[in-house]
Amino acid sequence: MGSDPPPKMWGGRFAGRLDSAIDRFTRSLPFDRRLARWDLIGSLAHARMLAETGTIPRADAEAILRGLSEMLRDLESGVLAAEGPDEDVHSWIERVLHERIGPAAGRLHTARSRNDQTATALRLYVRDALERVIAQACELIDVWVRQAVAHTETWMPGYTHLQRAQPVSLAHHLLAHAWSLASDVGRLRAVHAAAGTSPLGAGALAGTPHPIEPHRTAQLLGLPAVFANSMHAVADRDYVAEAIFACALLMVHLSRWAEEVVLWSTPEFGFVALDDTVAKGSSLMPQKKNPEAAELIRGKAGRVIGDLASLLAMLKGLALAYNSDLQEDKELLFDALDTASGALAAATVTARGVVYRTDRMRDALRGGFLTATDLADYLVRKGVAFRTAHERVGALVREAESRGCELWELPLPVMQGIAAEIEADVHDVLSPEGSVRARLAHGGPAPQRVAEQVVQLRGELAAARAWLSACTPPPIYRLHEEGRLLGQT
Amino acid sequence: MGSDPPPKMWGGRFAGRLDSAIDRFTRSLPFDRRLARWDLIGSLAHARMLAETGTIPRADAEAILRGLSEMLRDLESGVLAAEGPDEDVHSWIERVLHERIGPAAGRLHTARSRNDQTATALRLYVRDALERVIAQACELIDVWVRQAVAHTETWMPGYTHLQRAQPVSLAHHLLAHAWSLASDVGRLRAVHAAAGTSPLGAGALAGTPHPIEPHRTAQLLGLPAVFANSMHAVADRDYVAEAIFACALLMVHLSRWAEEVVLWSTPEFGFVALDDTVAKGSSLMPQKKNPEAAELIRGKAGRVIGDLASLLAMLKGLALAYNSDLQEDKELLFDALDTASGALAAATVTARGVVYRTDRMRDALRGGFLTATDLADYLVRKGVAFRTAHERVGALVREAESRGCELWELPLPVMQGIAAEIEADVHDVLSPEGSVRARLAHGGPAPQRVAEQVVQLRGELAAARAWLSACTPPPIYRLHEEGRLLGQT
Amino acid sequence: MGSDPPPKMWGGRFAGRLDSAIDRFTRSLPFDRRLARWDLIGSLAHARMLAETGTIPRADAEAILRGLSEMLRDLESGVLAAEGPDEDVHSWIERVLHERIGPAAGRLHTARSRNDQTATALRLYVRDALERVIAQACELIDVWVRQAVAHTETWMPGYTHLQRAQPVSLAHHLLAHAWSLASDVGRLRAVHAAAGTSPLGAGALAGTPHPIEPHRTAQLLGLPAVFANSMHAVADRDYVAEAIFACALLMVHLSRWAEEVVLWSTPEFGFVALDDTVAKGSSLMPQKKNPEAAELIRGKAGRVIGDLASLLAMLKGLALAYNSDLQEDKELLFDALDTASGALAAATVTARGVVYRTDRMRDALRGGFLTATDLADYLVRKGVAFRTAHERVGALVREAESRGCELWELPLPVMQGIAAEIEADVHDVLSPEGSVRARLAHGGPAPQRVAEQVVQLRGELAAARAWLSACTPPPIYRLHEEGRLLGQT
Amino acid sequence: MGSDPPPKMWGGRFAGRLDSAIDRFTRSLPFDRRLARWDLIGSLAHARMLAETGTIPRADAEAILRGLSEMLRDLESGVLAAEGPDEDVHSWIERVLHERIGPAAGRLHTARSRNDQTATALRLYVRDALERVIAQACELIDVWVRQAVAHTETWMPGYTHLQRAQPVSLAHHLLAHAWSLASDVGRLRAVHAAAGTSPLGAGALAGTPHPIEPHRTAQLLGLPAVFANSMHAVADRDYVAEAIFACALLMVHLSRWAEEVVLWSTPEFGFVALDDTVAKGSSLMPQKKNPEAAELIRGKAGRVIGDLASLLAMLKGLALAYNSDLQEDKELLFDALDTASGALAAATVTARGVVYRTDRMRDALRGGFLTATDLADYLVRKGVAFRTAHERVGALVREAESRGCELWELPLPVMQGIAAEIEADVHDVLSPEGSVRARLAHGGPAPQRVAEQVVQLRGELAAARAWLSACTPPPIYRLHEEGRLLGQT
């Protein structure tokens, strides 16, 4: 608290010393230290390009590359940590490099600014983090798909308005969640692509007079595209907004499933039992077994919604190009990605730890007149207009309700008194199982249709995983690993 | 307030009458009436498919198609309005159809529910609205690109932290905004594609036993894809979230430009004058000329950020499949799309009504030591390490500041006293114009590079406009216009 | 679309005509017309003060007061509507007044600006709307309190983590919601007070050289305080933020109760049945009876959360004093207040339309080992440390679970085998009813304690209603009604 | 990752071990460790009350009190840290206490649950944190008031729409911000009061059969009120929502001032210079001096807006009583309070480090026709209706603009040609200084009125500081400090 802030990368024109409260308030090292690895990789690419283009002397470039490479190795091995009094991770890198290789370190910042540097590291970070989230999402889809395969003929009520609506299969229900998550995978991949534009070379906002080659650094970093406009490059945070939005929507999807885990594990529903490995207890009430992970997943959806609101409110009304407000992007982004990742891990374990109580599901098919719609559809096939059929069945439901019986327990004459078209074959359509099997149209719950969904989802999973395995570390990182930073690629 | 709610589509099982306060609170006709056109189009496709598959009698289908087609015509001509005591637009359509064609109308709702019906209409609406927003965004990009072409050599300060940073051109600055908007166009097109999955045929949540053909209705509606899972189809609002997010980010982009219009039209900046056609006055202060449209664009960015937070908070934790909470999606979506569209229109007019005061921009290049970085880069070329060069120039800035002069007005010996490498040729790099022209690297402000950006953006514009002209009305709509609803397609 | 915008209140210095797209985008009459009544009342107070201070001639003041009074009467009777081509409600008033009384109307705007005028009308509006919302909240609390009185001895499970936790009474549960709403009433009253500062007299931002008396206008408007700083007066929107926040938190509270209505009306819980007057049906499924109002209340909580995010994001970073962004405050405020009011009305009707199924609640006390905590507390009274007691009862629960029996059905020797301190008197603490009755500590569910809560809440209700009846129309409004606008007060 | 989670407070009924991913996801110790001090204080009060009521044996109570007191001392001295494998801070306390005093520790959790325990600690934490934030806000108000006193006659333009509007004084402008912050102090104090209701004794949700005395623990904790309903007590998070809202609005206020610091320190405005102690530089551009703290304050307003949206979205739709979602309240609350505190500290230092350039303010009074309104008011005093006066002055502005001169430089005959009522005395009203001095009405910028504001604000400051010094540590804490935990109070 009392000690003076350390020298900065920009001291030249300043006579006075930065106030320590301001220093504390504006420092980003406590959180941007997470970018250390990626900032080193970005710096390696930058330094190599500077050497290749002759912008800095070959010998200095070699020293820089060797120094950065050692820092990267030490960081990954845990020997080195991004800590210290520095204001940000960029200053930390330059300071440590200077301590290690001396004055040559002063040439690394040629033709770049922290504005393009930080955006580069952040884009590399996002892409890496997204790959992990995508892999986790695939894992969860996989769990659901496997459970669906096992439960294609496990009948249960489908709900609308949380009221029993029509019989479906557990498989169909689980796959509805899987489809949501499959669309998340698509969105996350789109963000990965959007983040793949290298801003390196944009400088503070206005490029550089040095003969740099932004396409070369992009290539070394494995980024498929290069910024088009240097001011846009340092001011743009669309990829951050898109990443947080994709995480927020993913969390919303998980929250809908989590809500069902909570509901289904109540004694009232009783559709699932939670394995001891995924439930928690109460400090006061000895009998409690609580679905805490599911509750937290649901709660944390709120958290990421707020991250998104924060980011957009922060960006609103900022004049071009770079402003310090943008420094706030990182914690929001980290929080959204961490939360999505943690929630996917917890959801996957929870999904595996759920025991489906198919007897309770079957019991729930009684009560609720779940095949009333089938009865209306039966009347339609007998030539009754749907609207009329709907009214007649409504009356039959009232009749059954007042008698306290199921629709199929109504005597035929009573039924015919309300809907004359009803014949003895009506009972074929009133069984829940028959009801599901009959709904054969595309996308429906009949087992054949569900089998098609499984095939389709497995195809999507396979494609996503193939894409993931094609995601490789940046070329410059491989050169670093192979000790070939100084030679030809 | 006092009158009874009208009969509903679902009265059959109910003995009591809906309370009028509940009716008022839950009715959606006051806002979903906007979907009337699209719900009629969706109904046409549904009815035709029902006829083609023999699900309803041919004669009834003909009556329904004729009735719906006339309703659509009357609605478009203004003869008919979606008004009345009905609870939603779907009930309104069925009621009016019944009044026009009698009992055959009762067959239209065969094999569908309001759950898939409303999602179908909303998806058609979103795609149509997005096309208009995309066209408007292209228009604004076009304005900026044209102005950029005229101002490739209009020099001005580029800002970071709202402090003068380095000289750029007005063209480069305007194109930075254009690139943001170009990415919006990409995002909006992605949402258009995502919204292109037909949910029609999903029923309430669980499909139907009737022999319907969801691919056929999708084809008639011009929707490229068909839902995979009936429960997902009615519960999914990803396309709404994506559309609102795309609008929110677009508004954030516009707010950044609007902030600059406000700033630049102050007497302090004075970089633009607002034409009388785009400024407003004060009721009290006779001299005022206010950039109100720009301010409102900025303010309305906050509005759409909130729309997004609303939608995500609403979706959070909803058990499958359909819940009435989802009814809240519409007003939020309409508000986001309307706001984006209105803001784009106002921004385009304002952008055209801005008069650039290039003299004031030129004046602003004095003061602020805008070529200090060029001087550091000059020293780098003389062999000084960048970090050292940065410090030396910092000291030179302090020197010039204390003398109250520009960097180029410092006597050579004074400069050399601080940085011995400086020679007489230093003055070549200290002029703002020279500075911009020298920053020739990719994506930089030099006129050649800006010309490349213009070519690239024009290519993107042309592609977007080609895509827009390939967006045609749904095939069923053409059949309706051509009076061929009942024949072969 | 094509027609020219009408003359404005600020045309003098403008040569050109406002663009029609800008006019459409920036007009507020379509929504601020709601303020017409309050803006007229504010204008009456302003005009009277101008007359009293001699700022405008007596004869003109009389004409103005008469004209405004007639406009107010016509507006309230429906003869006059705030419609037209005017840009806002303030311009509309001045235009209509001019049409009615001629040039004297031109003196009304002396010593005021639309900036203080609009803030005045909005504050009057907010206070009035808050009074209605508070009255509605009292109504709902009243319903819950009455039901609580009837259900003090209706036992049911209390839930944590949506798992059955301990027995409580329905009364205790309902009162928990009532307490949340009672705190909303407190918050809404605090906002009412905060909004009671008159900004009239602040002018555009900087007061006026005329000898006005802001305390006099405040008195005439029934506002207890007067602005302290003219710039703050026109820039401040804290009362709007506070009102929307209070509505958002109220909606969150309602959403928690609404969630329970949805849950409890499932066949799985079955704790309530919805009267036909408060449930809705399905267009497809004839048997459905859906708690749509409750669902919508829940969904609309998301809406108001977004209104709050919008408002705060809009306010963020606005330089002093007035900016057009502030125009966005109105629709957000109206939406929050309308939503809260509509939701309270619907909640009150729904709460009245709920039939409690006390048999189902009683049944739910079996299963779930709800008195396990009582057993642990019993052991504590026998001298066992709580942590040990908790573990022992946990083991007893496992034993009972594996036997498929209730705790009280375990043979005494089996119980003693796990917890030796257990004696025959254990059965006294294992009954749900005994459990509730025993929890006699302050704030607990025992009937005596619940009776105290009822007394306390009724006290709060009485106080709130007394406060409401002390809320009277502004003095100037009474003068208007009594036709004494021109005489002494 | 690999190691097993430690034993929990609730292991009894569980046969299986919690999955380590679930453990990681649901643990709160990493962040609720902040509550350790307050949870110990709450535990001290609880233990003492248990002893006083004879609920636990005196000897055990003494051991517990001694043990907790030592833990508190060790925690405050830094000897002890709330770290370990425990799932939350409550488990940590019980484990460490057990390690220190043995089995007696098992009696501490008698008659309480983590649900009431965590709410108690959080309320104590919030009140303490609010006191610090209030003190900081007072400090900043103080700085502004002092600067205002020094600048009562420093004239500058007042702005609306960021256009020069009318002359004001710097004092008046600064005090506008001070009034916003003064209202924050009021709001923060109201939250402090709202958080002062003790939930201790509510148990998990349903109270306890033990003879506890919640009013006694409240008294020992210095909390003025006691919960009314045990279910409400554990489910309620209104005080968290209110605290975050108060922080969000405070941040919005700071962001408006920060925006002006950014604007005013541009060379274009130049109204302030930043001392070197409060500005930062650029890593690339040697001349830059950036108002980074102000920018970050502005940006962080977005952050807290999102915290609020997160919290409300999390709370929405939670059934009673406690749910794990509520665990998310802490990080959001901590973030909002930390951000507000950090921003106030940075703002205070920045406000002190700002050098007002009164010459530049004075220069800015030329250009912009800032006394046009005075001229209109002059005409009003000459008998012209305001609307007419406004139009005439508008025409005079156009005339002056076309001549490129100030209003006061227009020849009298020219003025009279447009407004015949103008006489030679017009020049008295056209000087900026005269204009400010003439605006003498209440709340206006005239020095006498500003002096009144200063008196009023100083009164509010004194009251707030008196209140702060009356905020004392909880009585139980004093007993702990005085080593009198076991005797009489």
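Read from first to last, the chains carry the letters A, B, C and D; within each, the first residue is number 1.
Criterion: a contact is a pair of C-beta atoms (placed from the backbone, for glycine too) under 8 Å apart; a residue touches a chain by one contact, two chains touch by 3 or more.
Quick caveat, the model's predicted, so the values are computed rather than measured.
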item: Duplicate of the A-C contact set - from B-D, B-C or C-D, the pair where over half of the pairs recur; value: B-D
item: Comparison of A-B and A-D by number of C-beta pairs in contact, larger one; value: A-B
item: Interchain centroid distance [CA atoms averaged], subunit A/subunit D, Å; value: 33
item: Between subunit B and subunit D, centroid-to-centroid distance (C-alpha), Å; value: 35
item: Interchain centroid distance [CA atoms averaged], subunit A/subunit B, Å; value: 24
item: Of all residues in subunit A, the ones touching two or more other chains; value: 9-15, 109, 115, 160-162, 165-166, 204, 263, 281-290, 292, 295, 298, 301-302, 305-306, 308-309, 312-313, 315-317, 323-324, 373, 390-391, 393-394, 397
item: Subunit C to subunit D touching residues, read off their complex; value: 9-15, 60, 94, 103-111, 115, 158-162, 165-168, 172-173, 175-177, 179-180, 183, 187, 190, 194, 201-202, 204-215, 226-236, 238, 241-242, 245, 248-249, 252, 255-256, 258-260, 263, 298, 301-302, 305-306, 308-309, 312-313, 315-324, 373-374, 377, 380, 385-388, 390-395, 397-398, 401, 429, 435-436, 438-446, 449, 453, 456
item: Contact footprint of subunit B on subunit C as seen in their complex; value: 8-19, 21-22, 24-26, 90-91, 109, 112-115, 203-204, 275-290, 292-293, 295-296, 298-316, 323-328, 331-332, 342-343, 345-346, 348-350, 353
item: Residue numbers on subunit C that touch subunit A, as the complex places them; value: 160-166, 262-263, 265-270, 281-292, 295, 309, 312-313, 316-317, 364, 367-370, 372-373, 375-376, 390-391, 393-394, 396-397
